[in-house]
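We just call them A, B, C, D and E in the order they show up, numbering each chain from 1.
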Amino acid sequence: MKSDEGQKNLASSGLGWILGAPLFLILFLPGFALVLSAGLSKVWAAFLDPAFLEAAFLSVTSSTMAMVLILLSGTPLAWWLARSSSRTSRWIELILDLPIILPPAVVGIGLLQAFGRSGIMGELLAAVGLNLPFSFMAVVLAQVVIAAPFFLRSATVAFRNADRDLEDVAKTLGHSPVQIFFSVVLPLCRRGLLAGALLAWARALGEFGATLLFAGNMPGVTQTLPLAIFSTLERDVHLAIAMSLLLLALALLLLALMRRFEKDPAGGNR
Amino acid sequence: MKSDEGQKNLASSGLGWILGAPLFLILFLPGFALVLSAGLSKVWAAFLDPAFLEAAFLSVTSSTMAMVLILLSGTPLAWWLARSSSRTSRWIELILDLPIILPPAVVGIGLLQAFGRSGIMGELLAAVGLNLPFSFMAVVLAQVVIAAPFFLRSATVAFRNADRDLEDVAKTLGHSPVQIFFSVVLPLCRRGLLAGALLAWARALGEFGATLLFAGNMPGVTQTLPLAIFSTLERDVHLAIAMSLLLLALALLLLALMRRFEKDPAGGNR
Amino acid sequence: MNCWEVQIECLKGDFHLQVELSGGLRPLALIGANGSGKSTILRGVLGLETLERAFVRVGDHILHDSNKSRYVPVEDRNLAYLPQGLGLFPHMNVAENILFADRSNTLTLAELIDGEHSTTIENLKIKPLLHRRPEELSAGECQKVALARVMIQKPQLVLLDEPASALDILARREVRKVLSEQLSDLGIPSILVTHDFRDVRDLAADIAYLKEGKVEKAGSVDDFPGAEADEFLNEFFAQP
Amino acid sequence: MNCWEVQIECLKGDFHLQVELSGGLRPLALIGANGSGKSTILRGVLGLETLERAFVRVGDHILHDSNKSRYVPVEDRNLAYLPQGLGLFPHMNVAENILFADRSNTLTLAELIDGEHSTTIENLKIKPLLHRRPEELSAGECQKVALARVMIQKPQLVLLDEPASALDILARREVRKVLSEQLSDLGIPSILVTHDFRDVRDLAADIAYLKEGKVEKAGSVDDFPGAEADEFLNEFFAQP
Amino acid sequence: CESGSDRERLTVFAASSLTDVLPELKAEFERSRPEAELSLVFGGSQILRLQIEQGARADLFISAHPEHVQSLIDQQILSDPLPVIENPLVVIVSPEQATKITRFEQLSDLKKLVVGDVAVPLGSYTEDVIRKSGEIMGSGFADQLRSSVVSKESNSRLVRSKVLLGEADAAFVYKSDARNTPAGVVELPEPLSARAQYVLAGRDAESGRLARQFRIFLSSDKAMEIFRKHEFSLPEGPEADGEK
């Protein structure tokens, strides 16, 4: 017979479950209601809708590109934020949260005024032949701006919590800061970084307002799934819901794929 | 003369800054463009706009209430998720991320279908005399659903990273799980929890789509600042931008207040 | 009757621990090579390990009986424990770390310095450290704090996992003295893991020699002859 | 000429460290009470502490000279270090932890087991542990792994912070033997922090006695008479 | 603002293209009857319809397309439809091009055209216009227009903002939204003209007297004057466009 130690743990985490259940229900019921309200035939119709596949493809490609940009540039930025103790960096950290608070539509306007034809960078971009608004790159850019803060904050906290002593030991073993970053810091911060990446990616996938303003709504060019869903909402609510469920299914699929990476490569979980 | 050790650290974190600069610029420029485009007189006009103060007040109160709910119920839920190793809890963890991916407007429809008059819980709620949609509570509920996943994920990671050995030691010292949670686990996870709370609160403050659908856009009752800004956007883009800047100022104010809590009470920072 | 008795079976990977131990008021010194299972036994007694089978009695209380599905939660066992990793709380200063062990939750900092525990604080020389965080201490200082945390408790049984490993020689002598006095004064039984024969000698402890998860030999110091067939015991008792 | 020389001044809170040390091929044993600054010196030599003033030379290389603003980064110093907290990487298994110290980055697991380091692995008895994570080891086993990580390096200077504190007595004897052989065979100087006289004796080390951040007395074992006025030294040399 | 609990309250849900004009009408209406308090809620017609279906308390609903009102009437939630006003379509041209582009035929010179999504009333009216322009001015012209569309937005104001922010060259919007902007306005030639029809319906049971008075007020001369100021036009009678 195994020890009964487990029982006690169960009991005290049961408390967590009881206290957490209201929030779980509040989060779960709307999705559940959506599943109930969309008939299977509607879901099928949504799948066959010409807008759907195109938009789904656009969503996957644009959010993937956005995530690559966020990870590539956001990881060093978060690291710098975690390690710098200057007042400037505190302020920068704060400023980087602001796109979360702004209504996405306003972020979209800001993007137009920064990177649009008559925006701050407009002439510069035009000079190198770049015309961002109403293009696929605009979709990616909008997603980057909306999603990056979520990654940055999670990653900064993860880096800040990392054990500095282990980095020191790795230095005494002759490894350069870059080597240490990849072989010690990243693995130690794995969980926090992954959580941040997940939040950012989910947010990018669901991005709507900034894309609408900055990239517009053009099927096949800039119409991501959320935009397609919003367009459909104007004409057929139940079709839009069905399409949302397909978006969820797509997300679950991608999440399940990502879960494989979240697992410790060597099997352990701590 | 102090050691030159610092120089090296600066150099290697300088690399972080260089690689991170593109993302910083992308995040910073839109906000900067907004600040440039809104004249001071517009900002003043936005401040005097009858819709503004009312909506600002509504935003602050509703997001505060949403945060209270999220923290009260979300903290135990995240703890349960971090500590349970069952397959069910893995799936629940995944499901709880989904509201991030759904377009907020669809979340709003889901909320209507769950808590609306003809929704799943409609009769139950009507029986106890609760009529949620298009009420202030609907605003709070919409913000909870949209923002909670951000807190939950950050908090779950924080709890998972906490040192279990220290909890064990605290148990041997005779403390109950609840005591340990407050005097050991929470302080140790402080950073991750605060980051999650910050993300969730910012998201709640910026929430628009779900509120619009579930709570409607009723000045003085359900019109939060993002809704007011969106309404203003229809009539005067620059006024809307000015109002957004006021929203940012409000957020910065609240953030600066929160920063005081983020500091370690005993002064240390690790 | 013995003050406490322990029967534990535990699996950790390939490692199989199966022991029966008991003790009176005299301290019991657990000795044995690295990885022989000493720490695991202490953790098993505390209820921190998942055990295949267990019977743990301390005083009149049966803390764990897997046959009768009896399991007293860790926090209700009233055992004092010094873990090998010390287990100081990084977010509390030294005084808070020590006071956190006060089960009655009434002890104040002033009482700690001036009251009945003042000699403990004095002897361990940690008074000037009380307001520092663990990260601002040397390794030996940390161990002293962990010892102080154990000593302000009045438990049914004291469990010490290499309590002097990081201490300097004077501090070690001091700790042995304080421990032997305090434990016998208060009549509290104890289990002590150590690699140092002087601990056994000065605490007048009984010995249980652990080898690969089994008790190879147990008894008082006198039961162990001067020259042993076992290399470990030989070396152990060759210490002064 | 000495193999290495160190002048360090360092402030940590109220603690003020100011020492000048140097050594030849013989190991130098740093002894002193808890909190006297032993670990801080090692970390200072490595470049891990913020120093007020420093001059560190190892072999022909000046690693730190605050007067001339010279500071060689930690990773370029080629010093082997066993930290008091061991510093094992939790995300690597034992073999990976050890191989991580190979500066040439060419050593494979097979070579570790069969090549020139096979005796190290053998002597430390860690072969069966190579595929485990640090969290699955006992405290002594962890220390053995940390030692193995030091021993596969071929540094300019070896720095060991209480390398045997968690080891059982047989392992301690073994480590002393291996260390003394290997260090003198390869002609690598070393600094060793210890509370155990047997380490000093078996390694034939010189001694620097540290007291409150200052070098109180330094010399070979013979320079320390049998009976000392200092209580710490008295107790220290009273060890067998 | 919330204080008027003793005042009679009327909640009006209205299409977002009425954002500018309704507040003026509200002020006028409240001036004539101090006991009344109007509260206005704007949104896309489809969104408002959905909310009313889900139990939002709207006493009156003014939709930008008869379809949404009809649907609510079919569900017996609202009743008594009443055509209120019409809003013609025009093309606005970005300020930089305003002097060059003054006629509809010149639209094919432009590269970036923004229209309404076909799912919203504006988009379906626009699609009609482009289709008819193909019949009248040759299919090449219509194809040229279609290929220069860079975005299909969900309401007239969003469409307009793209031109005002300088990103698009021209856009099809409601005439009421073309008012008071630096953009150039190009009227549609007569055979292509199209107009949105605003229809009002109410909840019969509760709203009662005040709702009836507001209905009457909306067709009063005073109201029409305000509507005209905002470039709306009077309904041309049932036979003009009818049910689409």
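By our rule, contacts are C-beta pairs under 8 Å (C-beta built on N, C-alpha and C of every residue); 3 or more make two chains touch, one makes a residue touch a chain.
In this text the structure is predicted, and so the values were computed from the model without any measurement.
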| message | Taking each chain's centre as the mean of its CA atoms, which one is most distant from chain D? | response | E
| In degrees and to the nearest 5, what turn takes the CA positions of chain A onto those of chain B? | 180
| query | Hey, how far is the Cα centre of chain B from the one of chain E, in Å? | reply | 36
| What whole-Å value do you get for the distance between chain A and chain B if each is reduced to the mean of its CA atoms? | 15
| request: Would you kindly tell me how far, in whole Å, the mean C-alpha position of chain C lies from that of chain A? | output: 49
| said: Quick check: how many Å separate the C-alpha centres of chain D and chain E? | reply: 82
| query | Which chain E residues touch at least two other chains? | reply | 47, 50, 161, 165
| message | At least two partner chains per residue is the criterion; list those residues in chain A. | response | 109, 113, 177, 230, 233, 237
| message | Residues touching two or more other chains, restricted to chain D: which are they? | response | 73-74, 85
| request: Under the touch definition given earlier, write down the residues of chain D that touch chain C in their complex. | output: 12-13, 32-35, 39, 84-85, 132, 136-141, 143-144, 162, 165-173, 195, 231-232, 235-236, 239-240
| message | Give the list of chain B residues in touch with chain C in this complex. | response | 165-166, 168-177, 183-184, 187-188, 190, 264, 266, 268, 270
| note | chain C contacts chain B in the complex at 46, 48, 73-81, 83, 85, 87, 89-91, 93, 100-101, 103, 133, 135, 149, 153
| note | The residues of chain E that touch chain A in their complex are 44, 46-47, 50, 112, 114, 117-120, 149-154, 158, 161-162, 165-168
| message | Considering only the defined contacts, which chain B positions touch chain E in the complex? | response | 50, 54, 105, 109, 112-113, 116-119, 131, 133-134, 212-213, 216-220, 231, 233-235, 237
